[in-house]
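The same subunit A turns up in both complexes below, where it pairs with subunit B and then with subunit C.
And now, the complex of A and B:
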């Protein structure tokens, strides 16, 4: 039971991460290759506060705030650069984060931070709590998609220049996407720190950013159920099949290639195509 | 009449090439101004400067005596500019109605937090229905822009501009690529949009239609304004004929 609970806890954390990135990349069209850095910021913030004696629930909001504020700072870069330049900039943010963390004694350097106090729940309780937060993240994502904000994100992802001439506050909405998406990563980081009770730089590297992006792309960019399915698949598959775990990077690369080549809409796109072929129209 | 738009001393250069040299242009309320000139004259560059898409090296732009200098395009739109660019760029992921609704709601939804809690779009829907009828697109409201022919997409671009109730409409080659009957119908629609409280600037190569609908012409050549005035007087000017039709035509007709 403990193994299953911890596995589902990690799945819940990954769902929150992937939904956060989906907001930035899927909804608003801003590519980010540094999402793991915000995950790490939330995790380190929670770890330090928990070690200083702060109770679990008091740590969550500050972890989200730290990641969200730094997300806004990076969002300002998104106001200056677009597309592949933004991808490179956000990748740089990821490396910058790791470079700083590795050099700082007070952040544990290469060794990371150990013995982080737990949340005071058993593994099943913590799993349920994490899945509860994942459900909230999904509900927020679905709400945004249906709200006016979702409509504006859609327009910006569609054509940023056309959005400007339509009078849309493109800068404000881009910053909002970064703030909400990275705050969600901060929450995921805090849940990780208290769940694993250790944070180290190796968990928040470039490969982790690519893994999160992979969950979004494989699941279906912009689709909430698709991204949840993508996060579940890419979390559970390596855990259940040892061979997949050994070739994790190969799996991510291969899946990204196959999905972009054969089903750009990801699993959600495939489901829609199958439903359409079966003559049962289904809402996205 | 009072000056609705005033652009003073606009200078723009790209990699040392002077695209606009000390350009001055004024548009009064109630005017429909045709901005013409040969390819490369600087017409679109001037329109982009007014719209805030290009920042000039020198010069200022005023709308209703308020300076637009340094403001982003979206802010200028909210201050009363309607911008329709040369290439039609609707939001292809939305229906025609949603395209116009988005533009109609842009002013009230400046704050993303407001947009986060807002789901219905009743006011914008009413506004978009009115504008779609104005440009003759009401029958296509639920279609997707990708399914519409070019002429209809051009009307959609215009509808998006009108959603803000602009004081000054800037139209860059709205008739380009349209067959003559459609061009004529769209030119009539543009002429109908003209009223005493606003102004329209239209860049157009279809001289016949421009001469028919415009109340005043501004002619540009080599980054300068070379002539302005009533259409028939402007077209009779030797310099304009030389610039537009080539030196050989300068003295004829």
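And now, the complex of A and C:
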């Protein structure tokens, strides 16, 4: 039971991360290869505050705020550079974050921060709490997708210049996408810090950013149920099958490649295609 | 003299970056793809040259074999992976490429084992005194090799029909296509040349460190991306300059900024600052 609970806690955290990235990359079309940096910001912020004696629930908002502010700063970068340049810039942000954390003694350097106080819940309770937050994140994502904001994001992703011509405040909405998406990563980081009770630089590297991106792409860019399914699949599969666990990176790499190569809509796209095929009368 | 030491160390590192980044620039100019999996060719070159040198005893022959094999692998990557997704938005190819590279890293681990591979009798490992510092012959060979190969490439790009076709495609992809020059043969050749150069870089790195391991391509891969972005995507001369500059900045940075940032972070901090000032790179237009 304990094992299942901790596994589902990690799954919940990954769902929040993937939904956050989906907001930036899926809805708004701004590719980010540095999502783990915001996750790390949240985790380190929560770890330091918890060590300083702050209670669990008081830590969540500051962790989100710190990650969100960094997200807005990177969002400003997204106003300067586009497409490939943005991808590499966000990747650079990830390396920069790690490089700084590794050299700072007050952040634990290479060793990380140990003995972070827990949230005061047993593992089942903490799992339920994390999954609750994941559900909230999903509801927020679904709501944004239907709202005016979601439509504007869609327009920006589709054709930024056309959106600008139509009088859309492209810069403001891009910053909003980065702020919301990265604040969600900050929340995930805080949940991680209290759940694992240890944070170290090796959990927030480029590979982790790629893993989050993988969840979004495999699930289906832009689709809330797809991204949730992607996060669940890529979290649970390596845990349930020992064979897969040894080749976790091969699985991520292979899936990322095969999905973009053969089914760019991800699992959501496949589901839509199957539904469409089933609903259409056979041509005889 | 610390200054000279650091400067030369930076140039050696920069030469390696340049050999990797040149291939990336060629591919980007042609296809507008950020070819992350290029680093897989670098690792492949490292492994093949160490393995072949140990097996045959001839370092020069193994260099040629590694370059040839990686070149062919490069063509396969283009044919099987990129050609079918060229019509999709650019980030699709980028994501596929990252996936391909991560997968390749694991395949190297499976195939060659996790512990890496060393030369039993490393060639060019003698050192030579040069003012106050000692350099390995291998390090001198890297610099000389990089300069020679990249100069040769510059001649190819500027003087031959292949180079003309490449430049035409970089400038006006649609027009080049209309003139019938942007055919698969040009692309195959570009992937062959770029991958072969990356393999040579990998072989030289494996020689200097006397070690080839599955993840040796990771950091150079991301640095090389930073370099071609810095140079303003698709600019051969600019790429060489940016690679050497980054090597030197890193080697000074680790001494003077090492307390605050590690080596990789210095490279990316430099890149981000440049991009914020010039969003299309140092030599980029517009």
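Definition applied: the second predicted complex is superposed on the first by the 279 of 284 C-alpha atoms of A that agree within 3 Å, B and C clash if a C-alpha of one lies under 4 Å from a C-alpha of the other, contacts with A are read in each partner's own complex, and residues count from 1 in each chain.
Everything that follows uses one rule, which is that contacts are C-beta pairs under 8 Å (C-beta built on N, C-alpha and C of every residue); 3 or more make two chains touch, one makes a residue touch a chain.
Please read all numbers here as calculations on a predicted model, not as lab measurements.
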Q: Compare subunit B and subunit C by how many residues of subunit A each one touches, and report the one with more.
A: C
Q. What is the contact status of A:210 with respect to subunit B (first) and subunit C (second): first, second, both, or neither?
A. second
Q. Looking at the overlay, what does A:149 touch: subunit B (first), subunit C (second), both, or neither?
A. first
Q: Could you look at A:159 and tell me whether it touches subunit B, subunit C, both or neither (first, second, both, neither)?
A: first
(Q) Between subunit B and subunit C, whom does A:169 touch in the aligned arrangement: first, second, both, or neither? (A) first
Q) Within the complex, which stretch of subunit C touches subunit A? A) 32, 34, 81, 84-85, 88, 90-96, 98-107, 110, 218, 222, 225-226, 229, 233, 258-269, 271-272, 275-276, 279-281
Q) Touching subunit A in the complex: which residues of subunit B? A) 51, 53, 72-74, 77-78, 83-85, 89-94, 98, 102-103, 105-107, 109-119, 121, 160-161, 163-164
Q.
Residue numbers of subunit A touching subunit B in their complex, please.
A. 144, 146-149, 151-152, 154-155, 157-159, 161-173, 175-176
Q.
Please output the residues of subunit A touching subunit C within their complex, sorted ascending.
A. 31, 33, 77, 80-85, 87-89, 91-93, 95-96, 98-100, 102-103, 206-207, 210, 213-214, 217, 247, 249-250, 252-258, 260-261, 264
